[in-house]
Structures are given as structure tokens and as C-alpha cells.
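Labels run A, B, C, D, E and F following the written order; every chain starts at residue 1.
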Amino acid sequence: MSTPSFACFGEILIRLAAPGRELLLQTPRLEAHIGGAEANVAVGLAMLGMRARMISVVADNPLGEAALGELRRRNVDAAAVGRAPGRMGLYFLTTGAVRRPSEVLYDRHGSAFAESDPEGYDWSSLLKGADWLHLSGVTPAIGQKAAAAAVAAARTANDIGVRVSFDGNYRAQLWKRWKGDGPSTLRNILDCAEIAFINERDVELILGMSFEGADISERRERAYEAAFAAFPRLKLIAATNRIQHGVDHHEISGVLASRVGKTELRACDLPGVVDRIGAGDAFAAGVHYGLASGKGDQYAIDFGVAAAALKHSIPGDMNLASVQQIEAAMEGGALDVRR
Amino acid sequence: MSTPSFACFGEILIRLAAPGRELLLQTPRLEAHIGGAEANVAVGLAMLGMRARMISVVADNPLGEAALGELRRRNVDAAAVGRAPGRMGLYFLTTGAVRRPSEVLYDRHGSAFAESDPEGYDWSSLLKGADWLHLSGVTPAIGQKAAAAAVAAARTANDIGVRVSFDGNYRAQLWKRWKGDGPSTLRNILDCAEIAFINERDVELILGMSFEGADISERRERAYEAAFAAFPRLKLIAATNRIQHGVDHHEISGVLASRVGKTELRACDLPGVVDRIGAGDAFAAGVHYGLASGKGDQYAIDFGVAAAALKHSIPGDMNLASVQQIEAAMEGGALDVRR
Amino acid sequence: MSTPSFACFGEILIRLAAPGRELLLQTPRLEAHIGGAEANVAVGLAMLGMRARMISVVADNPLGEAALGELRRRNVDAAAVGRAPGRMGLYFLTTGAVRRPSEVLYDRHGSAFAESDPEGYDWSSLLKGADWLHLSGVTPAIGQKAAAAAVAAARTANDIGVRVSFDGNYRAQLWKRWKGDGPSTLRNILDCAEIAFINERDVELILGMSFEGADISERRERAYEAAFAAFPRLKLIAATNRIQHGVDHHEISGVLASRVGKTELRACDLPGVVDRIGAGDAFAAGVHYGLASGKGDQYAIDFGVAAAALKHSIPGDMNLASVQQIEAAMEGGALDVRR
Amino acid sequence: MSTPSFACFGEILIRLAAPGRELLLQTPRLEAHIGGAEANVAVGLAMLGMRARMISVVADNPLGEAALGELRRRNVDAAAVGRAPGRMGLYFLTTGAVRRPSEVLYDRHGSAFAESDPEGYDWSSLLKGADWLHLSGVTPAIGQKAAAAAVAAARTANDIGVRVSFDGNYRAQLWKRWKGDGPSTLRNILDCAEIAFINERDVELILGMSFEGADISERRERAYEAAFAAFPRLKLIAATNRIQHGVDHHEISGVLASRVGKTELRACDLPGVVDRIGAGDAFAAGVHYGLASGKGDQYAIDFGVAAAALKHSIPGDMNLASVQQIEAAMEGGALDVRR
Amino acid sequence: MSTPSFACFGEILIRLAAPGRELLLQTPRLEAHIGGAEANVAVGLAMLGMRARMISVVADNPLGEAALGELRRRNVDAAAVGRAPGRMGLYFLTTGAVRRPSEVLYDRHGSAFAESDPEGYDWSSLLKGADWLHLSGVTPAIGQKAAAAAVAAARTANDIGVRVSFDGNYRAQLWKRWKGDGPSTLRNILDCAEIAFINERDVELILGMSFEGADISERRERAYEAAFAAFPRLKLIAATNRIQHGVDHHEISGVLASRVGKTELRACDLPGVVDRIGAGDAFAAGVHYGLASGKGDQYAIDFGVAAAALKHSIPGDMNLASVQQIEAAMEGGALDVRR
Amino acid sequence: MSTPSFACFGEILIRLAAPGRELLLQTPRLEAHIGGAEANVAVGLAMLGMRARMISVVADNPLGEAALGELRRRNVDAAAVGRAPGRMGLYFLTTGAVRRPSEVLYDRHGSAFAESDPEGYDWSSLLKGADWLHLSGVTPAIGQKAAAAAVAAARTANDIGVRVSFDGNYRAQLWKRWKGDGPSTLRNILDCAEIAFINERDVELILGMSFEGADISERRERAYEAAFAAFPRLKLIAATNRIQHGVDHHEISGVLASRVGKTELRACDLPGVVDRIGAGDAFAAGVHYGLASGKGDQYAIDFGVAAAALKHSIPGDMNLASVQQIEAAMEGGALDVRR
């Protein structure tokens, strides 16, 4: 398989988390991780041997440098990331337990990324040599500038033959904050996309429609039909479905739909979840790896779900599992200590 | 709802715990928490927006000050706590796992609280302005002085119109140590109480009776009948019942009984328990909040059990959950990350 | 001595620091402390047995609550602090070593405090019962709203007979950010003040004058004369002077000047500095304690400098030393382990 | 019961583990434990009140001394351990989660133990006064020198009336590395053994045979028959069987077979496993304790399995549970906090 | 040199210390060390290759076992230590900085050791095979029972030909607590001693005399003359003198006096002190090593002071330096990294 | 200034250090850093904005990947580093204090780098596009294979016009281990070098000569004359001189000599050293930066010494200081907190 090259555009965030299962600042210590939906995908791709570059803007201070250092550490090309005065977007995480859900407290308003001028990105140059542009619905939701940049990125990608991958990630609260028109903006991006990571609720929100059905599978089918109809460039839609038996015990399944049919993976049990954040990003990176491998759609969805599953075992936002580990998980390999 | 004011009387303890699931001093580090049954109730009440003051005596050294600082941090009024020469009561905790139960090693003998003269408390003044006095069966079990103080507190409360709340917490080992007459002392306190947090075993021990029945529910019913008969001032009895499927997997249910009937909450599943200590104290605070809210007995028991349930997810002795979190848990809300 | 009551008005900050002498995010952990110039003074006063209340606004989220919890823990009355949507002001600290100075990276822009409407403070009510209002030059430098609030606070204090204490803390960068007229604003506040913690450079900046002299002592004398002339209400001026022999080896001296003379304390050597932040706030609290004690100006300046000196030995922003510890340091007591 | 004395021969390893569920060097910290199959058995025996001495060689550096210190701390006699130039054998552990298995990365090649001359051990003297020599299949697998030493030890034990206990622990990868003849070497040792901790797969590998059967129990029966036939000195064979429901959820059962019959313990459920390493060593020590107690085979296998079960709750390689704790676990005692 | 065997009698304490330079419970974590004057000497001796046994009583709980484990880890024979119901003596340590001295908060009252019956020690048996009995003035100061045991130990040692080593360690506060007659008791022990680690102040307190002189050297000389006169069995007196330039910057010198003369070591500079506790115990162990080596008094005092000096660089109560490290320090060896 | 590109060849090591000032495994935790003389130079150069690539071989396991990740994090191009079966070279560090020097315990024997075939490096390709090849005397000292590779690298560099930079780092112990001819090998490399970081002792060892002189400056001058005479290609020699006032208090000076003269920087005081390892590598990177800046020899030596000085304040092997920080240190800038 040839190794495709991805350009991921979005904000890089710093996660500051209470240790273990403590409440925020219950003891005076925070653990730092680097995240952000698109950065997570970039790292996920790079860990699987794909070429990944990040397009973003960070604060021109030690926190911004630390964020880039972490991307480079994980083999992501961060050379195109700009620096600007301002602050890094942060989020504070309190990990849940028993019957207390995890809580994310965003502190990303007014970040250097959010404030960066959309005219400041020279998309033709930034995307040069890339096979894919990946972005998510979080980026345009940040504010008018980021929305403009995201749409411009997707359109330029279309113009210069870079394929567009889009992860829905609809964040109503962010859109509400600046009164942006989320559905319209996301439609503009989906118009450019060849693959979309969206579930039936995303489709409903974006198209302003509502889908009925006997079960989630039927609802999803109708939603995907509508999406394929609305976005002619779209070739593939993928999504996971998560069931939560408890705060630490989840179950995920996945689907990969094309215009001609769909491939599914039955539920994968996830007891003792360590860190669920970034599982969707791990899924997107895994599906891309699977598709690029040329082993077919079943392999792609299986690999994507196994990648997402392994993410639940790894602290932090990023999926650091290797192809070998993910394939072992796909095969339901032995669970005992490997020596 | 008007906000009632509680005065909690008892010893404040310092917990020194082995980190994670280590054995005591397996590695040379201990994690400190502040606890003690009544202090836990005071904090639980204050976290729910009630007014709570602590009545106690701590050692006049940095450990005593640290204990008071923690209470103040959690919004408990600690101005009435006395300082005296001596030591703080300690307990060492080794948290269990798999099939190894947690172990508490008490080191509270001869503490400043245990040694403090019962004549030293001016109860009329200490209870002034309080709606409730809360105490537990641990306090009189500490020794003759503490027993005398507890009985005097309850009686003064009765005299000046402060309602008495009592949590059974029968500790046979403590009573045995100084050969105190537990049942007789606790009867003296229950004589003053309007609400008691006691289960059927507590009633048996205190009344020196034994109750039979087809199941726990029947035994409990008979025990409660006997308690209402024995203590005419008593209006409400509440208790939880705990089933342990494993060291880390519990299940609790609750009951709130009045002279006219009872209200129950079916079992609430608690997988992946983080810290079970103080759950009973969280329950007492939760029931009081529920009763004070005027939303009825079902709300009170539901809220109390949900408060106890959430405590299992929080490291330390104290329940730091908010009304909002507890109500979300009552409603069986979504378990996924809240953003 | 009677115990005066202080109201401190300013922003409460959260410090996030790299551990030990590491660079920021060199390892992915941060240590949290609560600070802010006026909050530090409030805690310093409360630790010395004075009554101290905080007037501020924090974010209505767990970080804001944690900040208030820390003030309460240290015996500061935080009941009058407002909550508002928004973020907490943060600062990131990298502690220096050898020849690398410590670095503070502020991330306080757009905080709930900075954004709070100056009309939202009911100063007569907030200051009721206080003997002193303490504020610093940091507060008005935050932005137009905070500046308006600070001036209003000082003027109301004057009106209702609450004495005003002001700590210069001139922060040119903050003023520049919003193009505020620092000197004019600070003159408005100093017009109300009875005691000012300002050095010769502060006076030069505020009065727009420049003072010459053979040495720092002479320059300072002239500056203070000018300040007393400019601000008729001013009775006392105090300041420390810091010499740095190395990043970890400082020396401080202090002066307390009245209209009739001055009292000085010769240099106090500070080898092996642990944490220098908040030393000025510790000084202000110490001088106030000394003045309130009625033991005269020499005691006041000695106590203030000793308080500031001890702050250098204590991690965090706040001076947690007791009167006893500070008096022992004043007397140059034994340095060996106390048992 | 009289207290038998054990001599355990094998390499002492240092485990360096990623903290919690992190990947190796995800954060730059490692947690150290002392281990090695035979050292674990020695500690397990000493914790149960047996006399245990270690026979080994460690590097003559602080790491070697630290390893011996840990054995002494746990009451193992380390006086006979030699020091030699060279390195300590290490292994790096990444603890698994969810569906990611734990991984052991060995770095033990060329260790002081592996390089030590088999002629350097004076077995008659080293075994003097011991009732039992215990060794495992790991030791001869390390290399030619260690294999020669192990065989010599077992033969000398036979000669001087010290009984031999052998734990299979077949490690194909280690044998392959130096092209050693594993089956032949292990047969030489088993020829000397009175008790062997081996399962049906060990027997197949060692005897080069293959056993069929309707289920594991039948296969095991046939394998054990063959082993008793092949090794006339052998009196007892014991083994555990492990089923893994998840990375953190195991189930173990045990069997103790003599020439006249077998004793089994049904499966013991192990949810929330903390550390599974060393469970086999805990089992061997537990069975020996049980046999020495004279309470019969059922007690011995029950005690052994309970010891292994408790090991899963204790961080590190060694079983630090006491007789009292293990007996409580055997009886399925209460799981609630012990006070 | 032949290796003498020491029996050390005294209480084993657990130190619980605030991390780094934090105040006690400023953050909720404590670091544990094992200490106690005589235990420190035992470990110091064992680290230098001497045989050392501990005679003591610990609580029969996990804390007591942990204390013994630490002694064994450091090669001290703890087989003769008794277990008794009760508690372990604790002390809390806050390490000082800049101008804030370290503080020890004792919590040792009512410990298992203090409560143990002096008749419970069979001294002839406990001292069998020992060349030396070492005890300190802390032990008899603990209470009447410990005082009786200490005197009995010293007298039995005299009777059976075991030489007595005594470290003054006069603790006025402990004696005052139970109104013990310190001077008289210590005279009883010194009557038995062959070597005493006492300075001029110890002699004054014990003999109830006062010595004048031009300088400390003269005062010490007269004190030692008086001690030799008072205690005919005494052959050697040793002491260190400490000057403190700062909390972290000390200087120590040493003297070893016999009836015929004295040997001194000039001041040894100790900048950047890490942990000063146990330096006196390290000195005693070092002097004993030096004397046993047969290299003369100058070597003995030099080695003793160098041992004490190195202790200042090692966290915890015990001196873990090796003979090689101490000899390198004696020779003023290179300070650069050793590779 | 144009930005030169450096290729650094050598082994990448993993440092495992005892925390703080603890002894090795005193508590069971190690802190990991990535180091190795040439990797440190590569990182130092990249931190200063130069292009730096690493040429090396790491173990094909998670430790090797972690090492490369750290280099990438610091902007070093690690794409040319090979992976091979085997182990990573380790070293254990115990940081000294007071009068106890730091100790390094190497565990690097048999590493993947040491075992890698010198024929495996395609030097023309590996050095392509580089302006400089940097290597140190540690690399050839590792063993015959590494020595052959180092000489081949230097010679190929000469052939293809890549300038050679060499850091002496004579390690007698490593050469002794495999009986390599250090002086002869290093002469072969110095023959190729244009700049050498060597002091007078290095020259003596390499040339087998001995230089006399009134002081170090004179000896150094003669040694450098001899070196320039022996190695015609050599243009510049640089070195630092270190004086140690204490384990934590050093002083360094520097010299940069050309064939026409020398430039010196007087001693720079370094109190409170945090981490001295890698200071020489920081110096080499700093001198290269200074030379490349075209600001002359005085700037180069000043910058090099300031870089080395700052390294003493940064935990770990690598100098992470920026140009701005180093220039501030050169100018003796303010030492107070920078805000």
C-alpha cells in the first residue's frame, strides 16, 4: 500500500485533568495532555505509519511550543503551524466513576487559533502534496474566523484535487455562543467532502430533517441516504455507536456506508474504560488506515472500531496504539500478559 | 425552601491512606484526607447549600489546624471548634481490590477530642441558632468523656428546641475498649432524637432485642416498629442496605420510615467503587437535604441514596457532589462525558 | 490589641506551575496554587489572626469554587465574592534556578473578574463593618471595568469612614494592553489612601516625576516627600527593597515612612529561596498586623519584613506563617530543627 | 506444624513499570519493583512464616543491593547471594486495560546472574539445612551456565536429601535465543523433583507428547499420568488454570494431583485485577504452605489458589498477603471495609 | 579488622513528612521514613558492614511490620523485636527553608514501646553474642517503663561483659512530661558506659554542674574531665559541634576524647543540607566503625564526622552511605559526577 | 545568518534517575530522560533554531521509539535513525548533595547501537545536505564497531565536503573495557576535524604528551599549540574549565582558540546547580550557534558559556534554553521573576 499524506486543520488544545478519579483541584495538581479533534486524528494517522501534517495556529509562548512538541514527538509534521500572540485553548477534565460522569470544562474562548485571521492561511501552499484534508465540525463552530477558514480550506482542497475528510462533531453550545449558522456552514463543508464521519443525529442537525425508523439501524440508513442525496461528492459515511452500561463500561459498534451498501461491525465490549476522549478521532484515523490499506471495507470498519476500542485503554486524547496492537485486538487475541 | 442550620458534634479524624491499591507503606507515601462521621455529614450538608457548623475539639497543632482548614474549605463553620493540647485521632486506610477487602487501622486513642472534658462544652451557646443537632454512635463510643458530652448535647438540644438527628454507627470494638454500656448510652440519645439513621441490627443492639422475618424487609419493619415504640420522640428512621458483589462492586438501597409508613428506593448498582468510606454520612446529609426541600419522603430517600451512591465515586471521606450532580444521578442521567 | 477587619478587593488567580525546577510542560504535570495580590494579602492577614473578607468575582465553575475554597480554608471570609459566567484568570509559573530567572506567563485576559460590571458592586454594603479596604495597582490595570470598580471602592470607603490601604504594584504591560491611563487612575486611588505600599519607582510613575539622589535611600526620601505632598490623606508609606545575589539568593530591607520620619530595617539575607511570589503581599499584611498591634513603627516594619522573609520559604502565593513563626524570625532565632 | 526451610535458586529481576495504565515512557516516570519467579516464591513463603533463603547472583552495584534489600525487607535470607560485576536483569512492564493486554519487555540479557560460572556455586554448602530446593523453568532457560547450575543444584539436592520443588514456567523464546534443549534440560530437573507446578502444556512440551481429551480436565489427567510415569520421584503435581474474561477480569482454578488422585478447587472470580504478575509464584508458595500445615490436600490447593487470587490485588511481583488474609479469602469472607 | 556485633535498644519511630519544603498538610500527602535514634545507629552500623541487631517493641500491626521491614532491608537483625498491641510512635516533620527552621511534631505518646513492661525483656538472652549495647538518652526519657528497661539493659550488659555505648540526647521535654529524674537515670546508665556521645551541655545537665571557659573547647575540656571523674568505667567521649549559617547551611566539627588526650576534626562545611535528622546517629555509628577498624583515634573521629556530614545529603533518618563514600568524603575527594 | 545543518552521530541513551536527592531505589521510582552526548548537541542546536539530524541506531522496541520521540519533540530530525533488535543503552543517575557527588551507573553494554554493523551506515547518503558532522569521543570508545563507524563517518565527511566537529570526551574506562586504542582512534578523527572541543588533558591523552606551565592557562596554550601542529585541518579549539566549590556550586569559564589567538570568558558563577549533565554538550551547541551567527569569536565563546551555564538550571540531559534566554544570561540580566 502507498502511504497517503493527510493535512489536518483545527485547534490544538491543552487538557488539564484532575489526577485519577479526583474532582477538579480536589488536590492541587493537574495532568497535562495535548488534544483537539484534528490533532488527535493527525497523531492517530502518524502512529499508523501515515504521513500527517498539522495546520493550525498556536500561542507564541511555551504552552504553544509544548503542544507542537507533542505532535512532533508523535511524528506529526508541525512545520506549517503558525504562532500568534494570545492564549492556548484549554480544557479541564474531571474523570468520572461509578455513576458520576466525566466532565469537560472548556476554557478555549479567545484563543490564538480562534482569533487568527482566515486570510492568514495560504491554502494552496498549506495543502500542497497532501492527499487528504481532514477537518471536523468543531473547527467552524469555534467562531466566524475559524468557520471561514474551514470552508476556504475545504473549497481550496476541492479545487486543487486534495480529497476532503470531515468529522461531524456537532457542538451546539459552541455555535450558540457566537450565533453562527452551524447547519449551513457544515453543509458547505460536506459539499466538498468525500468521506464523512457522521451519525444519524449529525445528519438530522445538518440537514434540518428528522428520520424515523424501527431501530437505530433503520434511522441511520435513512439519514445516510439523505446525506448521500444532499452531498453528491460524498462517497463514504462512517460512524460509531456507543452504548454505556456504566461510566466505565461502554460498548461500541461501527458502520461504514457507501452509496452501494454498508459494512458493519457488531458491538465490541469495553469494560474498565481508562480514557474515552478521542475515541472518535481514533476511529476516523483507523478507518482511513483501513481504506488506504486496500483490504476492503470490512477491514476498514473493523480496523476503525478496533482503533477506537484501544483508545479507551490509553490515557490522554491521542490514540497511541500501533497497527500490530490494533490488528491483534481485531482478531480478539489473547488478553494475558505478552512477554 | 428555607435553609436549615445544622450543628454536628463529633471527632474530626485524619485519614492517612496508602496510594492506589498498595498495601500500607508498601511505598513510603501516604495520602491525607480529613474525615470523621459527623464532620463528613457537616461537609455533605454544606456542599448541598445547608448551613453547617462543627462542634469538636482538635489538637492545638498544625494537624488540628489543617483539619479545620479542610472543613472551612468545604464551607463548614468551624469557629466553635476548640483547641487542646494532645494529638489528633488518625486512621490508616489500605484500599482493597479484587478479593482483598479494604482495611482501616485506627490510631485515635488518647486524642485531644477523647480527652476533652465534657464540662468544657457550653451546649446552650454552642447550639444557639441551630435547627438541628446531628451526632452519631461513634462519638459516645470513644470514651466516658465523649459519651457524657454527647448525652448532654442531645438533652440540651431537646431543652432549647433544637431537633436531634442521630446516626447509629454502632462500634462494638470501641465500646469494649473502655467497657462502656453502649446500648444504654445510645438509648439515652435516641430518646432525644427526631430522626435516626439506624438499621435493624442497630435496633437489635440498642434495644437488646432480636427480630425475625422472612426477609430483611420484614425484619427491618419489626425493628422499626420497636424503635418507634421505644422512642416516642422519634419521627423518622432511615437506613441504607448494602450488598457487595465484589470489593469494588456494591449495590445500595434505602428506606425512610415514619410512624405511618415507609418509602423505599430499589437497589442502585455501584460498579467500580472508588471510595466507599463516608457513604453513610453522605446518605444522612442527603436525606436531610431532601426533607428540608419539602418535596416529600420519596424525594428525600431518592436524594439520600443518590448522594450515597455518588460518594462511592469520590476519593476521601466527604461527599463533595452538588445538588445538581445528585439530581442528575437520581434521574439516571446520561453517563457519557459532559461537555 | 483589637482585631481590625479588612476588605480586600481584587482578582483571584489560579497559578499553574511546572514542578520543581522544570520548564513549563517539560513533564506533563502542573501544580496549582491560588493567588492574586489582594487575595494573598487577605490570607496573610487572616493567618495573623485579623478578620479578612474578600471582595471579588470568580467564574461560576469548579475552578472558581476551588479558589474560594482555598480562601475559606485560610480563614478568609469569601461570602461576598460573586460568581459570573466566564473563565478564571490563570498564570503559568516556571520557577528559575542558577542563572535562569523564574517566568510568569499570564493567561488572565477576559476573566469573569475582568468582565464584571463595575455597577454590580454595592460598595456601601460590601464594605460594611470593615475597618480597612485594601487594594492594589494590579486591579485597576486589568481593564476599564476593574479600574472603575477600584476607584469607586476607594471613594466609597472614604465616604463611609473605611480606611484605604493601597499597594502600588504598577504593571505597565497590563495598562498598555487596554491603553488605560495608569498614573491618573492610581492617583485617584492614592487620593483616598491612608497607607500606601509604594517605592520610589512607583511614585515616579504615578506622579510623572523623577527623583535624583546619591543613593536609593535619598531617592526614596524625595519620592516619599513628593507623595505625601501630592496625597494629603496619606499617613504612611512602606516599601521593601530587594537585592538579588542570585536567582535563589535574595536580600530584602524595608522602610516605613510617616510625615514625621521613617523607620528602617536593614537587609535580611534570604539564601535558598523557595518561592518569592507574594512576598510583597506578605509584607503588606505584616505591616498592617504590626501597626494594629500598637507596638510602634519599628515593630511594624520589622514584622512586615520578617513576614515577607518567611514567605520566601513557603511554596505558593500566600504567606502561611504564624505570628509566632514571624516573631521568632524577627529575633533571629535558632535555625536548628525545632522539636 | 514445623516450619520448613526453603532455598530458592534463580535470577532476581528489577521491574520498571509505566505508572497506572500509561504506555511505556508516555510520561517520563517508571515505578520499580523487585521480582523474578524464584524470588517471588521466596518472598511468598517468608510472608507465610516459612524460612526462605535466596540463592542467586546480583550485580555488585546499587541496583543489586536494592534488590537484596527488598528480599531482606520481606524476611528472605539473602546472605548467600553472590555479587559479581555486570548488570542486573531488568524488565519493563506496560500494564494493559480494556482490550489492550499488558506487555513485558525483557532486558535481562548478559546479566550478572546469566554470566555467572556454574562452578561458582557450592551446592552442598548453599543447600545446607534446607528442607526444600525450589527452582523454575525460567532459570535453565536463561543460558547454558544457568542451565548447568540449575541441574547441578537439583542433583545435589537429591544427593543430600533436600527435596526438590519445580515450577515449569516454560519460556520458548528464552530457550530459542541460545538454542538450548529445553525439554531435555527440564526432564533432568524433573527427574529430581518431588513436587512440580506444571500444567498439561508444560508436560507436552517437556515430554514431547500430545494429549487429547474431551476437555481440559481430561487432557490434564492424561498429561499428569504421563508425567508421573516419566518421573518416578515425583509425588505431587499442581497447577492453576486461568480464564480471562477481560484484561482486568480473570478467573482461576487449581488442581493438586498425587499418584492416587487429585483435589480441585472450582473457579475463583477475579474482577478488577490490579497486578497479575507473580500469581503463579504466589500459588506455589501457597501450596507449599498448605502442605506443610498438615491440613491435607484440599486445604493445600484451596490455600494455594486463594494466595494466587490475593496476589492479583497487590501491586508488584510479590505476594505480600498474610496467612490470615488468605484464609479469610478462602472462606469467602466479607468484602466490606475491615475496621 | 574483626566485625563487632552491636545490640541497639530503643524505640522505632515512623516519620511522616510534608513533601519538599511544604508546610504540614499544605498538600494532602506525607512521605514516610523509619527512624528513632537507636534504629538509626543500627542501620548506620549495618551499612558499614558491622553486625547490628535491634531490641525494641513495635505495634502488632502493618505499621510495626513496615518499620521492621525497613530495618531488615538495611541489614539490621530485627528478629528480637517484640510485637505488642498498641500504636507506633510517630513524628511529623516540616522541613524548613530560608529562615524558617524545620519543625518536628511528636506523636509518640502511649506507643507500644512506651507501654511495654520492662520485665518483658530477657536481657541476658537479648544481648547474647553482642560485643556492644548501644542506647541513647531518648529511651529512658520516654517514661518510667522505658527508663527501667534501659537501666536494666546497661547493667546486664556490664554483668555479662557486653560493652555499653551511650548517646546523651538529653530531651528535657520528654522527661518533664512524666516528671522523671533525667540526670539520675542517665548517671545510672553512664555508670555502665565505656563510650559516651555527649557534649558539654549534656555533661552539665547530667552532673548538675556548670563549666566555664574562654571558648567552647575549654568548656568542653572541663566537662569531659568531670565526666571521666564521675564515671570510672568511661574510656572515650565523642561529640560533634554544629554551627548553623542558615537553615540549609551548617558546619560541623568533632572531638574524640580519652582519658589521656583528645583528637579533633576541624569544621566541615555543609552547604545545601538535604536532611539533618539522624546526623548524630550517623556520627556514633561512624566513630564505632572507625574505632573497630583499629586505625586510631584520628581516623575514628574523621570517619565519624564524615559519616555525619554525608548524612546531611541523604533524605530520611538513616545514614545509607557506604564506607567507600565516607572515606572519599574524608579525603575531600572530587565533587564532580562520578561515572 | 544562514542556518547551517548538523548531522550528529552517536548513541542515544535513556537516563533513569532517582527522584530529587534520593539514593538509587531508596524509593521505588525512577525519572526518565533521554540523553547521549551527540543527541544532546543535536537538541541543543535545534533549540537554537539550527537544523539538526540524528544518525544512530536504537532498539526496535517502545524504549527506542520513546527516545526518538523525545528528539523529534525537540525538533531534531530522527528519520535517519535505524532500528535494530537488542536493547537500549541505559544509565542510572543518583544526584548528589552537600558533599556527596552525583553518581552515574552505566548499563549500556551490548546495546543495539554498540552491536550495529559499521557497514550498515551509508555515510554519503546519511550526511547528504549537512554542513557539519558532529561526533564525540564517547562514540568510538563504545567498541570496535562504533569506532569503525565513527572514523568512517569523519573520513566520508571530509571526502564530501561536510565539515567535522569533534568533542573529546575521553572515557578511559570505556576504552579499557574492549582494549581499544583510544589515542590512535581519536587522532584519526581529529585528523578530519575543523573544530574540536578539547581541553589540555584531552590533548595530552590523545597525543601522548604532557604539558607544563605556571597555570592552567599556560598548560592549555601549549597543549593547543601541539594540537594545531598535529592536526593541520583543525581551525578552532574550544573548551570550558569547571571549578567546583561544592556539589551544587560550580563555576565555569571558556576559551575559544584559533591558530591566531584565543578568546576567553572569565568565570561564570553557578550556585544551586540543578543538573550538570550535558553542560559540555550545551557548550558545543552554543559555540556552533555563536560561530554561525557571524558575530565573532567573543560572541561565540560568550554564548557557548552562557548556554552551558543555563544548562545547569534545567533538569535532564538536554539544554532547552532559547537564544533569547541565553542572550539574557550573557548580559547578566535581571534575576527577578519575569512577568
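Assume a contact is a pair of C-beta atoms (placed from the backbone, for glycine too) under 8 Å apart; a residue touches a chain by one contact, two chains touch by 3 or more.
Just so it is clear, the structure is predicted and the values come from calculations on it, not from any experiment.
Peer 1: Would you pick out the chains that touch chain C and also touch chain E?
Peer 2: A, B, D, F
Peer 1: With respect to inter-chain C-beta contacts, which pair, E-F or B-F, contains the greater number?
Peer 2: E-F
Peer 1: Compare the CA centroid of chain E with every other chain's and tell me the farthest one.
Peer 2: A
Peer 1: Express in whole angstrom the distance between the two chain centres, defined as the mean CA positions of chain A and chain D.
Peer 2: 45
Peer 1: State, to the nearest whole Å, the distance from the C-alpha centre of chain C to the C-alpha centre of chain D.
Peer 2: 63
Peer 1: Check each residue of chain B and list the ones that touch at least two other chains.
Peer 2: 20, 23, 28-29, 103, 272
Peer 1: Under the touch definition given earlier, write down the residues of chain B that touch chain D in their complex.
Peer 2: Touch residues, chain B against chain D: 20-23, 26, 96-104, 106, 171, 173, 242, 244, 246-249, 272, 276-277.
Peer 1: Which residues of chain E touch chain B in their complex?
Peer 2: 16, 23-25, 28-33, 61-63, 66, 87-88, 90, 92, 94, 105, 107, 109-110
Peer 1: State the interface residues of chain F toward chain C in the complex, per the touch definition above.
Peer 2: Contacts found on chain F: 20, 268-274, 309-310, 312-316, 320-321, 325, 328-329, 333-339.
Peer 1: Spell out the residues on chain C that touch chain B in their complex, using ranges where they run on.
Peer 2: Residues 69-70, 72-75 of chain C touch chain B in their complex.
Peer 1: Taking the touch rule as given, give the residues of chain D at its contact with chain C in the complex, in rising order.
Peer 2: 27-29
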